[in-house]
Amino acid sequence: MTASEGTATGPAMHALMAELYPICRSITGNGFRQTLRRLGEIVPITLSEVPTGTPVFDWTVPKEWNIREAWIADPAGRRVVDFRNHSLHVVNYSVPVRQRMALAELRPKLHSLPDQPDLIPYRTAYYAEDWGFCLSHRQLEGLREGEYEVCIDSTLAPGHLTYGECLLPGEVSEEILVSVHSCHPSLANDNLSGMAVAVFLARQLAVAKRKHTIRFLFIPGTIGSITWLATHEAEAGRIRHGLVLSCLGDPGPSTYKRSRRGDALVDRAAAHVLAEEGASRVLDFIPYGYDERQYCSPGFDLAVGCLTRTPNGKFPEYHTSADNLDFVRPDALEDSLQKCLRIIEILERDEAYLNLNPKCEPQLGRRGLYRATGGRDLPGFEMALLWVLNLSDGRHTLLDIAQRSAVPFRVVLGAASALEGVGLLRALGSPLGHGSC
Amino acid sequence: MTASEGTATGPAMHALMAELYPICRSITGNGFRQTLRRLGEIVPITLSEVPTGTPVFDWTVPKEWNIREAWIADPAGRRVVDFRNHSLHVVNYSVPVRQRMALAELRPKLHSLPDQPDLIPYRTAYYAEDWGFCLSHRQLEGLREGEYEVCIDSTLAPGHLTYGECLLPGEVSEEILVSVHSCHPSLANDNLSGMAVAVFLARQLAVAKRKHTIRFLFIPGTIGSITWLATHEAEAGRIRHGLVLSCLGDPGPSTYKRSRRGDALVDRAAAHVLAEEGASRVLDFIPYGYDERQYCSPGFDLAVGCLTRTPNGKFPEYHTSADNLDFVRPDALEDSLQKCLRIIEILERDEAYLNLNPKCEPQLGRRGLYRATGGRDLPGFEMALLWVLNLSDGRHTLLDIAQRSAVPFRVVLGAASALEGVGLLRALGSPLGHGSC
Amino acid sequence: MTASEGTATGPAMHALMAELYPICRSITGNGFRQTLRRLGEIVPITLSEVPTGTPVFDWTVPKEWNIREAWIADPAGRRVVDFRNHSLHVVNYSVPVRQRMALAELRPKLHSLPDQPDLIPYRTAYYAEDWGFCLSHRQLEGLREGEYEVCIDSTLAPGHLTYGECLLPGEVSEEILVSVHSCHPSLANDNLSGMAVAVFLARQLAVAKRKHTIRFLFIPGTIGSITWLATHEAEAGRIRHGLVLSCLGDPGPSTYKRSRRGDALVDRAAAHVLAEEGASRVLDFIPYGYDERQYCSPGFDLAVGCLTRTPNGKFPEYHTSADNLDFVRPDALEDSLQKCLRIIEILERDEAYLNLNPKCEPQLGRRGLYRATGGRDLPGFEMALLWVLNLSDGRHTLLDIAQRSAVPFRVVLGAASALEGVGLLRALGSPLGHGSC
């Protein structure tokens, strides 16, 4: 991980997550709204409400779900499972229920993890009207025969699907999208970490000079991106680059999953930034994961990849009560934020330059850009100057040069600026068609 | 190896080989005809006879060779080498001889393998009028000085070159070629195994629905494919895909040798099928081997690869008496047959589909194609559904999808059928130019 | 390394280097002229003189430097450092100086290598008027306090930059360039070895049949190639292939650094020749090294690579007094010369041929090109015949065939000649555009 000027934001992100952790979010409802309002205290976030029943492509905006309490009382009347202790205890989107039933009858409604007997699983029933409870397998095995009372005091009724947007206008209307699913209940890495990194990223970018317009979406997974795309086709057409952010706080190395295109600028930028960290991984697109599934559906095929640390399903804490505040680390959050900034810097600053002295090398020494006494190895910055000069023929952008030379983009950018400063280089902008494909 | 419904054919193929093993085949003559007639009892095979002297490109159909007996008698009159014991004892295509000669004079006509002293080698003299005997080196070394009598009662005279064809008409005139050299004498893997697999493959395909016309050729090596190509240039122009089958019964892993083109559909199909077996090998084309040499000559450049287990020359039993019925295994024959069927299934069924709901994923759950309760890993078939939907943009065929997703073609095909069944997908046929290049 | 008919030239090259070793060369001056005159006794070399002050692209031809003596006398008057003992003792291009100074004052002008305390470093001050001495760190540490006398009796004055050319006219005006920096003082591998190999290469090529015109340049590094390019833009436009030769005598394996294009014919030819030696290395272009930096600047982008053994900066003797005559080996020089000859043979002889019998293989046996008795492995030359026939469709040159078959170019060339001799092949020349891009 890279230390930086902004390390103080790691603890701040973790503290924000701690505030949001107890809230029972779902794909609709007040827990989601409450979460967005807290994020909106850090950067301006506009909330939109889409009515239940709205058709969104092949889907329909579902009923709104809200829950007050949920518990199971044992034959002795003791509440042995209680939603107040952990929002994962209730199957998310459970319909209301209040009845007495024998353990054998209740048993099919109880979900546990025999292989991880101390953890509560995370289960959902979004598109099938059902109900259930989640509990540790150890607790499940301890339940004795007898009549239990179950109560889920929830409502599943016409209402709205909510999502939040933070739009940072740029010099051009072409957009960079940052999309964060914000619908999971008490799960820290998946995806309070993504929400915390996104909101602090937005806070930093809000005060920076921006070329692209940058749009942050805080949405419920799947149905949220489908709803936004169905209601914003024109805006979707302006998205040039995008990142889905998730699982950014665990101690594992960074992972980038390419967009469906595989060689979009965001794919190359993320690969370049991650290459500086030895253990990082860059994976090909697969049509399973987070909302990149929708952005990369063939009818949109947007250049949207997904940045995580350990990907979904690949850490044992995934979708269990062990994905808690201890599992996520301030330094990992900070490192993830820095990588987002470096990727976006490339999206913002990559362009081609033209060497104005293309025949033989220019004499850098008399311009103060080269050491005077020859004979030994060349320092990295001087090497970057030579690379920029050699490849600035109008066909290579700075990222092309950074990739071919294995010099970090920032150093290449610095070399280009220095050469531009002495009149040896001229910016050409993006090569024809580069930003648009 | 893959067990399948058809495992009973493994022993049947081996039994057929046992029947054919003793026959002395050559590139012409009655042994070859007798072999084809036996194969014709399993599937209909048409025999063609091309007269000696017929010009076929740069070659001429040779004289027909037939042999009745061949032996060497030692000074005491004992027949120490006798063709009746093993068809390999005579150099194939030996001209007739009957004479007495000293061992020293006979010695240059005797072929053995000093490094494999117990094995009889396989030698031919097709295009040089000569004669000779093959025997084990141990036997050769035991011959004592003295006058020997040699007899080869053969005829090398104007006659015919014979080949067999089994044509299975399809919906279209474009063809799949299966070519099998059938000229070797008592060698089991090379190539009674290819003949047995081909004839059982033809029997299965004969009762299946077929798109392509499928042509099986049972030919003498080299001169047979040259003769067929020279006399069927129009038919050759209809061959879209092809396989040369050889050495399909040894216990080694499967090997596919690419066509000269290297990226033809048959090359990709075979690589996909073989990839399911960890130890399998896919090799680049080289202009040495079997009849793919002729099909892939630059004037034809057909998309014909070669499927073997251990390739020619790479097993110590190759071209010796150790390539016998013990060396080939019923389960290996069966596995080879199944691989042929799977490759041909891809050649027959690969096409592009169009996702009719390309914007975001369709809701598979309400169509019964997706589990209702979320939270854990996705089963393989559901993953295949997502891959087919994501890549069915008209630019990817099912094999493209299978390769990119590493999902077996059959699963991808099943997913496409299911999606077509619920109206989410429409078949487009082969992408433009796909089948023809 | 490959033994060859010409091994006698290894010692001759080493002997030539021994003659030239003591001379103090620089980028201008009489040491350079004296060196070229000695090389001119082996092959005709034309010397050109370019006046100081001549503008050459972004640079200016510098003043001419000549030196007669340079020494440091210790407080007792003993000459403790003397240029007569080693030309590296003076910082190359030092301005004249004659003064007395305390050791502390002198100290910043003294260069040594603390990590290699017994070696004298090589230092230059070409483009900053300065002076200095180089000595071993051990000697530096032995200097006692006191007043020293320093003398550099040099002149840095208007004069000329000298370079040498040896032009071998060919059938066509398109050129192969061989460029050798010849400006370093007493350094054996860098680059007396390049000079020795180049001049013996020229001697051999001078008496051979040549297609291309071959130009050898003996130039001062950097400013020499810039000067030549600035004054020969028309000639530069005729260069089709080129090699910079340097560090060709050390015992390391051969290394080829690709041209900026990366896939030019010279890049492929060198990679093919070096592939025969297991330990050899082929490196991508970087814009640091020798004069390929100028030839590969984006305004020229010539197909010029660099052949070395151990590259510059990668051997501990580099730019020190340990790069001496013991460090370079006659057999390494000879091996380098042979590799140059084989690379140039490919540049000269690579072309496409057309198989005149493209349908099926021709019958090589009746033309005496194939063994008569079948049954075992194919010898290498027969395999080369099959490769040439199979790929000679007008789209593959001999080098393409050599690369694909992994058969040495010379064997492929021999096979093509044999096939041409029996009328099966016809030379087509370079494929369209091949030689010119």
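To keep things simple, chains are lettered A, B and C as they appear, and every chain counts its residues starting from 1.
What we mean here is this: contacts are C-beta pairs under 8 Å (C-beta built on N, C-alpha and C of every residue); 3 or more make two chains touch, one makes a residue touch a chain.
All values derive from a computational prediction rather than experimental measurement.
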Answer with same or different: of all residue numbers used at the interface between chain A and chain C, are over half used by both copies?
different
I need the rotation angle between the copies chain B and chain C from a CA superposition, between 0 and 180°, in steps of 5.
120
Need the CA-centroid distance for the pair chain A / chain C, whole Å please.
53
Using the touch definition from the top, which residues of chain C touch two or more other chains?
none
Chain B contact footprint on chain C (complex, rising order)
355, 357-363, 365-366, 372-378, 383, 386-387, 389-393, 405
Sort out for me which residues of chain A touch chain B in the complex.
56-59, 91, 121-128, 130, 222, 225-226, 229-230, 260, 284, 286-288, 293-294, 296-301, 313, 319
